[in-house]
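Multiple structures are listed underneath, in structure tokens.
Shared between the two complexes below is subunit A, which pairs with subunit B and subunit C, respectively.
Right, the complex of A and B next:
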């Protein structure tokens, strides 16, 4: 019964909430009011927007040494999670069988272990920093903690699910993923998508003024 | 809900555009912006973390625009915002932020934090949560015409001195001139040598220019306060003056926020594009030099460094010009370690220097600039903003540094060569 719910209605519900929620959130940002800038531009907005979308993947040289820890941990977490999500063998099979109908070569087991270690290490360091540093403690919201803990739980249950003989552990992972998908559009997890318009808006602003940002 | 709170919140609601929503949806509270803010680095007080200064607007977004906020409201469990949500941020955004915009350069998700802080300031100003010093300066700007209470007769007296010292005429209200020059309050009250330099340089380069008796003041206290309506009134005064004289260009003086107000925000404040071009004095000097109309002679042998005014360089895009100009008159010019668009602020921008309450904090923030300057070994600290200049002079004095603060336009005037042949008879 529980298995049927998790693999049936709850899966479709979570997928629908995720897809509709993400589109709704992005739409509400893109179609919200925007005032036209009447000042005479010195440069072009579009190249500035495109440049900043990519340039912010690396920190400015002038500040890099002060933010080494969050940058390195951030890259470890995000790259590790991306690799696990799209190249872990069970995920590739799941995507082929249940979502896209096509698959690709999964990463080998050793790469999976490395990616998982990267993702766990990065996430734990980022969360500890949030809890330990006075700045992190002051500015963090409940949503930041829920997002981090939920992601951690999804990753942890994913590791448990590797014990392929246990249907219960696999179902537990799938259930946490469904919770994560439902929470995603209404949380800080949305930065996965909204960082693009955010960087683009700022890049366009700087671009009009002839500034590299 | 009190009337002032309602006004403040309504002002903030009107700022909730597409950009703001994308910014708050993207911020993950990583705190990296703290390391870019001199008010945080010099005090280690986490309250000065730039993104924390945007809390009034973020809180409103969370309560009224986010899913959870709307759900809480529908369930009747949402706590309304209070006056404290605005009042408690007054000190943070007015005393502890110079609007330098360094935070906006480092945010990994691209949030223009400085831009949001200005929106918060706008809400606070409208609700009446602003420092007395700035409110008084703004009142004088509207009623008298200048935040320092400077009137036309004061300017006319200065012009007489300049004409006597230079033997050159200062053109006033010349219709059809190519350029209309503006002055900041500091340049009238503290640095009359700026006008003297303009007169010499424009005579040398054969520039057709004028001052306006209607619009001589460039300082925009409305921008510093964060009140867009007043900022627009002050910009309109300049626009009226320029249109009356039918000039082709308006020259922003050595004043960072005046440049921002006129060049970039002015048309948005008044709701229409200008029929003239706004050019910063450094841009104009660089153009004249490139055209061969501005020739200099001799080189400063002392070691010089340049303090980048944030509003002119990082937020204004005038980056190469001061370096081109300094390169022409200095034999030993050295950059500070972080310079150009990643420079550190002097600590006095965004109205901080006009806010007596922020004096001690400003001096603490200056420690960053002090260490930067000392590391260069320079004995001359050149800048191109009169507001930065007063802050730097104060810091140099307070810290007993063996450094002279210099204005770039004056240095160019001091190195003028013979008039170019093309302007000999001008």
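Right, the complex of A and C next:
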């Protein structure tokens, strides 16, 4: 019964909420009305947008030494999670069988494990920094904590189900993934899709005003 | 003289003989039935042989007249070779085409000894140790209570740990606790959890714990190295530490005990974490990577070293958690906020506290509130006006 719900209605519901929610959120951002910039342009917006999208991947030189740990942990977590999500063998099979109908070569098991360790370590360090640093605490909301903890739980249940020998553990992982998908569009997790347009918007604004930042 | 038994007597003798023969035959058939091999398991459709290898082996044994089941050992498969192994407790080396360590060994005679030790002494003493430390800590708290700060909290603080140091500490703590819980489930789960939740639930829990334990293990080593780099220099023993030890760290008896930035107890705990932690990490890596040529005996030895040293660390960590939280007033603030009350520093780490006074590192309560992002009450009132 529980298995049928998790693999059936709840799965389709979570997928629908995720897809519609993400499109709705992105649409509301892209098509939001803004005040027209009447100032005379001092530079071009497009190069500024492209430059900012890529330049933000590295920290500013002035503060780089002070934020080494979160930067390293951030890369560990995001790259690890990306590798896990799209190149772990069970996920590739799932995507092929349930989502796209096509698959690709998954990464070897040892790389799967290393990616998971990178992701776990990065996430723990990032969340601790949020808790430990006074500035991190001030700018963190409940949503940030829920997002981090929910992502951790999803990864943890996935780790528990690594052996792929227990239906119960597999269902537990799938259930947490479904909760995560439902929470995604309404939370800070949306930065997965918004970070590029957000950087581009800021970069375009700077570029138009001739600001080199 | 030809003596002839009367007819009736002959009949009685024949009947008695028949009865005795029947009884004997029945007894033999019963005894024979108990010596027969157990009934073969029912095979699934389309499968004719459970295990071709063992069936072939059984046929060879029957042909050679080797007794298939041992009456003494109640059904255990025995032959001369197995008896010899059991008697000598050695592993005879054979020849195999499989190119792996231990491939030529039919039976690991040490395996049973390891299994008995793991399920017996190791699990029992680990459980006792764990229960004992909780009892000791509870009793200590009931009798002694939280150790208060002389003069109470002043409100003025000094910075004790940076954000980075606290992140390192809590990362190690989270990883250690996760590994401790999953490790204890694997070590003590069978006797403790199966009676409570049943075998099926425990099977799933043990599988999950094992996967989680193996995955988080290397993170413990990374955290340990970060801990060594961050805190190592300040934990080198120095003059005065022995005095702290001789006075029981101030918990036993009365009177002030002098201490530096870290006292003797903290330093000893630190080096325990580093050294025993390294033993745990290395033995764990040997266990989790069985494809580097290590034999079964080495794996069994590493398992015992891994479990025993982890238990020592888990038991002592309960004491550390107690003293770092409810056991000592103001101690937890150091790892929570990075700042400690100056009176706490003077009471527990007087040599460091003295340096803080001399170097004017004391931060007022108002400044501390501002650093923590809390607006002082007076300022808030003024703003409201």
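Heads up, the rule we're going with is that the second predicted complex is superposed on the first by the 213 of 213 C-alpha atoms of A that agree within 3 Å, B and C clash if a C-alpha of one lies under 4 Å from a C-alpha of the other, contacts with A are read in each partner's own complex, and residues count from 1 in each chain.
Here is the rule we go by: contacts are C-beta pairs under 8 Å (C-beta built on N, C-alpha and C of every residue); 3 or more make two chains touch, one makes a residue touch a chain.
Keep in mind it's a predicted model, so treat the numbers as computed, not measured.
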item: Subunit B versus subunit C as contact partner of A:37, first or second or both or neither; value: first
item: Partner touching more residues of subunit A, whether subunit B or subunit C; value: B
item: Which superposed partner A:212 touches (first subunit B, second subunit C, both, neither); value: first
item: First, second, both or neither for A:202, with subunit B first and subunit C second; value: first
item: Touched partner set for A:135, first subunit B, second subunit C, both or neither; value: both
item: Subunit B versus subunit C as contact partner of A:190, first or second or both or neither; value: first
item: Overlap of the subunit B and subunit C footprints on subunit A, listed as residue numbers; value: 133-135, 137-138
item: Parts of subunit A lying in touch with subunit B, wherever the complex brings them together; value: 25, 28-35, 37-40, 42-43, 52-53, 56, 59-60, 62-63, 66-67, 70, 74, 126, 130, 133-141, 143-144, 185-186, 188, 190-191, 194-195, 197-203, 205, 209-213
item: Residues of subunit C that touch subunit A when the two form their complex; value: 163-164, 166-167, 170-171, 174-175, 203-204, 207-208, 210-212, 215-216, 218-219, 222, 338, 371-373
item: Residue ranges of subunit A in contact with subunit C within the complex; value: 69, 113, 116-117, 120-121, 124-125, 128-129, 131-135, 137-138, 156, 159-163, 165-166, 168-169
item: Contact set on subunit B toward subunit A in their complex; value: 16-19, 21-23, 25-32, 34-36, 40, 46-47, 49, 51-52, 62, 66-68, 104-112, 115, 263-268, 271-274, 277-278, 314-317, 319, 337-338, 341-342
